[in-house]
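Just dropping this structure here.
As written, the chains take the letters A, B, C and D, and residue 1 is the first residue of each chain.
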Amino acid sequence: MSRSLNWNASDYLRVGLIVAVPAVFALISEYFLSSGNLFALMQNFALVGLVALGLSLTMVVGEFDLSVASMVAVGGLILAKTGVDSAYIGVLCAVVFGLVVGLINALLVIRLKVSSLVSTLGVMILLSGFGYWIADGNVVPYFNFDAADALDAQIFYLLSPRINITIGAFFILYLVLKFTRLGRDLYATGSHRQAATMSGANTSLSLFFAFACSGSFAALAGALISISLATGSPTLGDGLLIQAASAAILGGVSLGGGVGKIHNIAIGVLILAALNNGLSLLGVSSAVSLLINGSVLAFVVIMNGSLSEFITQKMKKTASA
Amino acid sequence: MSQSVTAKPSISLALSSSGMFSPNRIQATAVRMLIVVMALLASIFVEGFASLQNLSSILFVTVSVGVVAAGLALVTISGNLFMLSISATASISTIVFASVLDFGVIPAILTTLFVGVILGFLQGGAVGVLKTNPIITSIAASSIIMGLGAWYSGGRTITSDVKVEWLGVGHVLPGIPNQIFILLAVLIAAEFFLSRMRLGRELQLIGINSNTAKLSGLRIQRATIVAYVIAALTAALSGVLIGAQSSQGNLSLGAGLDFSAIAAVLVGGVAIAGGHGRIYDAVCGALFLAIIGNILLLKGFSLDIQLMVKGAVVVASVMLGAVLTRKRKK
Amino acid sequence: METQPILQANNISKRYGGVFALSDVSFSLETGEILGLCGENGAGKSTLVKVMGGYVKPEEGELIVDGKSIELGKRIDPSLITIVHQELSILPHLSVLDNIMIGMQSKGLIYLRGRYVARVEKYLKDVGLDHVSPYQLAETLSLAERQLVEIARGLASGAKVLLLDEPTATLSEAEIEKVFAIMRKLKAAGTTMVIISHRLDEVFAITDRVTVFRGGRHIFTKRTQEVSSAELVTAMLGHEVKRGVQRPVRRVGDTFVRCRNVAITDSFGPLDFDCAKGEIVALVGQLGSGADGLLRTLAGLSPVTSGHIEIGGQTASLRSIQDAERHHISYVPEDRAGKGAFLEAPIGQNLTSRVLSDLAPQGVIHAEQELKLARDLAEAFTVNPERNGDAVSTLSGGNQQKVVLGKAVATNPDVLLLNEPTRGVDIGARADIYDRLRQRADEGLSIIFYSTDLEEILDFADRIVTVFKGSLVRSVPRSEATQESILQDILHGNSEVAA
Amino acid sequence: GIEDKSVILLQPTEECAYCADYLKFFKKDATEAGFKFETVTSAFDPANQANQVEQAIAKRPDAIILWPVDVNALIPSMRKIKKAGIPLIISDAMPAKQSEPYWDVYTGGNSEEIGRESAHALVDAFKAKGHGEEGEIFVITGTPGTPTSIGRTKGFKEELAKIAPGIKILGEQPGNWDQNVAMNAASTLFTRFGDQVDGVYAVEDLMLAGVIVAAARANIDPTKLALVGVGCELEGYENIDAGVQHATVLSDAYSDAKYAVNAAVKLLNGEPQDKYTYLPNPIVTKETLDLCHGALANY
């Protein structure tokens, strides 16, 4: 009954931003709302969204997968190396690789009981070196323009197969989190791992699932972007971790685990995509862009810490008074 | 137990014993022994390894990584894992240093270090007072610092006419760079802070158990902030050393320091969970990695292999650390 | 009864380190009965329950449920056996509905919450949580409400055997009655139940048979009607209840801690409380009674909402640990490993951790002074000073507790607050600890402690103050108290002499 | 007229000295030429630049000037621009052969030509430093696989073999267009070959600055070495001025931007022009330092 009334500070912030950011840019630039630009915005959503989605799942189970940062590049390189005959095979190989690395990440967390921030950092460095190694320090061209055209073909103004894949992933995970036992167990695992085990939740499966998603989604995102760029490169996706983490936290996913809703994550990604799209439409320098992205992350991480608690408590008090 | 009350006073009274091969120290000891073994083997089997020139090049790398690893170790020991804003801090420090160098070396060094203090204070404040997640905080900080640096420098190289080669590239003796004294000074100061000063002790205890620390009235916020300040200070110092090489500052200088420093701290045997480890462990870790990197380079392996080795070493020490932690708990 | 037992456990042994939590335990349950499981703290009751649920794998033994042999150490089908755990296993970020349904046997992938709403509402109603919505987040519930949700989880499983590990510890009489009503209904429907409780009146009220454990061993199982209260207590303790072993009354000074009209929350206080210089006062009460709350307030951990506190004649505003320290109050928390000690730090560093400011007036720790102080403290608490360089974790539980106490008195406090001062400490070490602390009290230290251990209360306190549901119901000198009278006060708050 | 026409410039970043100069000169020249223009930068991220191309197409300008972050990765974007019917100028980074159908004009350096000029500069340097026509050098290249690096290295080696067969190349290491990486690479090469080394060619002045630091660290006097770089960047300018570096081959932002603007003007006016227009790349020594417009502008 009081389900939808449980808004906290971060919910208000999110809704405020998803309205305000596009509104401001629409006022400043006439091009912002043009269908071509909104399509570009959605394409960016598609890329960041996949990575943010996987990362968010690891946050929901109370972990954090830093290795997505280099998995994007490695996913693209695997596509470029294995997708010579068919892009499908390349994408499949990339996704399987991401899946395997994700499972290994989960295994490290379950078996060694070390913080995933640490184990995935090692995996991240390792993957990065692996990327340079398969690329031989080079970029690997992947000239498959048919696949690129097909992937980025505009459908009904704002959609494309790439965008559909991301939206599909969001939708499926929405269903998983909302309507399956696994979904419930994911939250339970992040909420209080020991109690979750005691209550009968399958915490190991939850961890495997979350890391498998983060690994394979990042690899998929890398493979898809590499098709569009006709190139696999070991430096691809360098800035994606910051964006994905910001989007996730902005989307209400708690670093403490157990909290996060798929539709809110989508909104978080959209806010960030709109912000970056608008800024580049205005032609701001990359310095300003870095500054703004960093400030957004700093802001949300503070919101995620004590400040959010503080504001929420204040709001509750004033509401009850 | 009470019969031993009258036991003779002995050195075992020291408040931190644990021999070289106790679970607490075994990794640090192993790394030290590996350093010796590797150096010996490389002198015999790797052409060009045993030369003064090469010693110098190993020491230069050790200094640049070791200085920041010494600072980072404090953050790790305080229980805040690690920072990903070290590279950014060093990069912007080269720019600050080169910009102020025309006013003299001392003002340039002081200004740069001051910038480091501020950057560390802000991050430590966020983590210690606002209770933000330390890793994400440092990622955000890195982005903001790089943004500021890019905005200020426009990506240009800032150069100064004042030459400080004695600091950047000079040698005391062939093979022994002047910079080694900086590393020694940082090492001794940080080690003194950690093992002799009250705040250093508090830092370790907080890293071991922050709940107990809170109930024991330890100064958690202050200790956290100081750990970050020192870490950022050493990053700034490393920026000074890089900038002094050619009196230049550029945002691309200092890249890659983050992972090198983290790897050095972890490999050296500082426990990632906090509370355990010494500063010289981290510096030995830096030396260890410098030797491995040097051998790989001499053997003609490139960046990618180096990165993979570094990653593998981090994963391996994390796994080893987890096993040792379990040993310790038994 | 000639019925086939629904559950049969044979020769179960479980060891933790060198301690046998269970040694060679055999035990059976008859279909449809309610069995009470009694025993002191640490007797092995929870361990047995966890073995039956498959959460803990014993070294030896065999388990037969419903005629089938069960693989040990593997989670059991919750429709066979479900546990209501002692440590709450509520998931704060999940809804009440999810918390209740999570224990169900998970077959199939799909989980549609809408389907369960009606059922969950019924369970909630059964346990008396009519006012709680299935969609409410569990983090918004009170401790007692969470416990009831946990019981509702047990109901939802529809298990043949329900194991309830201290389900009533946090509940009020009315709530307990509701739980008993449910249990009777379940029993009528054929469910077998085991209930663990430290409250003998409950055991007599609800159970058909009663089993006693002591030190990991099965002592006896008898029909409840055939056993007397005294017999039960003797079996639990291993000896008869001691009466009248009186130590001479200690002399105490003037009032040192003075609380007037102190309220901490809406449900606690206002109450008055005094403790004299050199006096040792026990605060007793059930979990949730607020007795430990008063301790935490004096420690600066939960500030008062109203009222007045004086320490040594000075008005004290205790809003933080530092405030308490300023008034020379020192607090020892109940959770030794989690909050009391720096387990992985050397013993010496633990002992001096609270007096670093004195050892380092200029910021640099005076090494020799520290060594000497650590040595003195270790000796004062009969910990071997030769081991000051070793980690606390290498000590036995009792010695760890001595370190924690040494650390607390290192500050030379005027008031020492102890939360469960000797939990998990053996008899010998206990006596040792009491001696050391009494010595300090003779020198003028006021000690206020909270304990759930009746023997400890009678052994150590000069005066016993009972707290019942947030009010102070009785204050008696030890000489006038017995285990029975204290139990009476704790459980029912009915006392002849109100404070 | 040209005043109503709009041009969008897509640049990899303005956070490099060369890039910042390019942008500065571009803005100046474009303002003088009189067309409307916007500039967009992408923080050196090909995915980001590809996204910006889609945004640029949405604005429907009269021409796009693309300085690709990565000449391969932007080919699909060039195709999109072609499909949208917008004239395209590629600037600075020589595009791959197979992308020729998608763009109209390329202006920028000719890497192989620069490499050949560098070989001549090195031979001069050998003479100037008194090493004669025989000796040993090593080469520091850019990030492996980048066309600019490949072209410069190839032209250099071919020409050197032709004009000074007595100069041997001892080794070659990537410096990734990064002073630090170049310094570490050079350090190991100095360690391996020590006093054998008579000279170094780095395909960029910035990397050569790293080589000079490495030499000093290895106790080798850099003024004794025959050092040649490319670009006449600030680092090169100073090192030549200080007499450490002998020469550089000009490849500067000043002409790069000017040529791009000129191509745009011609394209907007519908004038015919060559598909490839290369920048001039004279050798710069201490005597001819005033050719370095870019470096001078920042000095």
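The criterion applied here is as follows: a residue touches a chain if its C-beta (ideal position, glycine included) is under 8 Å from a C-beta of that chain, and two chains touch if they have at least 3 such contacts.
These numbers come from a predicted model, not from an experiment.
Asks: Where the contacts of chain A and chain B overlap, which chains show up?
Replies: Where chain A and chain B share a partner, that partner set is C, D.
Asks: Could you work out how many touching-chain steps separate chain C from chain D at minimum?
Replies: Minimal hop count between chain C and chain D: 2.
Asks: Which pairing of chains accounts for the highest number of C-beta contacts?
Replies: After counting contacts between each pair of chains, the winner is A-B.
Asks: Which chain has its C-alpha centroid farthest away from the centroid of chain C?
Replies: Following the centroid criterion, the farthest chain would be D.
Asks: Taking the mean of the CA coordinates per chain, how far is chain A from chain C in Å?
Replies: Averaging C-alpha atoms per chain gives centres 44 Å apart.
Asks: At what distance in angstrom does the C-alpha mean of chain D lie from that of chain B?
Replies: Using C-alpha averages as centres, the distance is 36 Å.
Asks: Got the chain B residues that touch at least 2 other chains?
Replies: 150, 154, 302-303
Asks: Can you list the residues of chain A that touch 2 or more other chains?
Replies: Correct list: 135-137, 285-287, 289-290.
Asks: Which chains touch, pair by pair?
Replies: Applying the touch criterion to every chain pair yields A-B, A-C, A-D, B-C, B-D.
Asks: Contact residues on chain D for chain A in the complex?
Replies: So the residues of chain D touching chain A come out as 13-15, 38-48, 50-52, 54-55, 57-59, 70, 72-76, 79, 98, 143-145, 174.
Asks: Mind listing the chain A positions that touch chain B in their complex?
Replies: 64, 66, 108, 112-115, 117-119, 121-133, 135-137, 234, 241-242, 245, 249, 255, 285-295, 297-298, 301-302, 304-307
Asks: Quick one: in the complex, what on chain A touches chain D?
Replies: 31, 34-37, 39-40, 43-44, 47, 135-139, 141, 143, 145, 148-149, 152, 225, 228-231, 233, 236-239, 277, 280-281, 283, 285-287, 289-290
Asks: Would you pull the chain C residues touching chain B in the complex into a rising list?
Replies: Within the complex, chain C contacts chain B at residues 301, 321-322, 325, 331, 333, 338-346, 348-349, 352-354, 356-357, 359-360, 363-365, 367, 370-371, 374-375, 379, 382-386, 388-391, 393, 399, 407.
Asks: Show me the residue ranges of chain B that touch chain C in the complex, using the header's touch definition.
Replies: Touching chain C: residues 1-2, 4-5, 7, 10, 12-18, 24, 196-199, 201-202, 204-205, 208-209, 211-218, 275-276, 328-329 of chain B.
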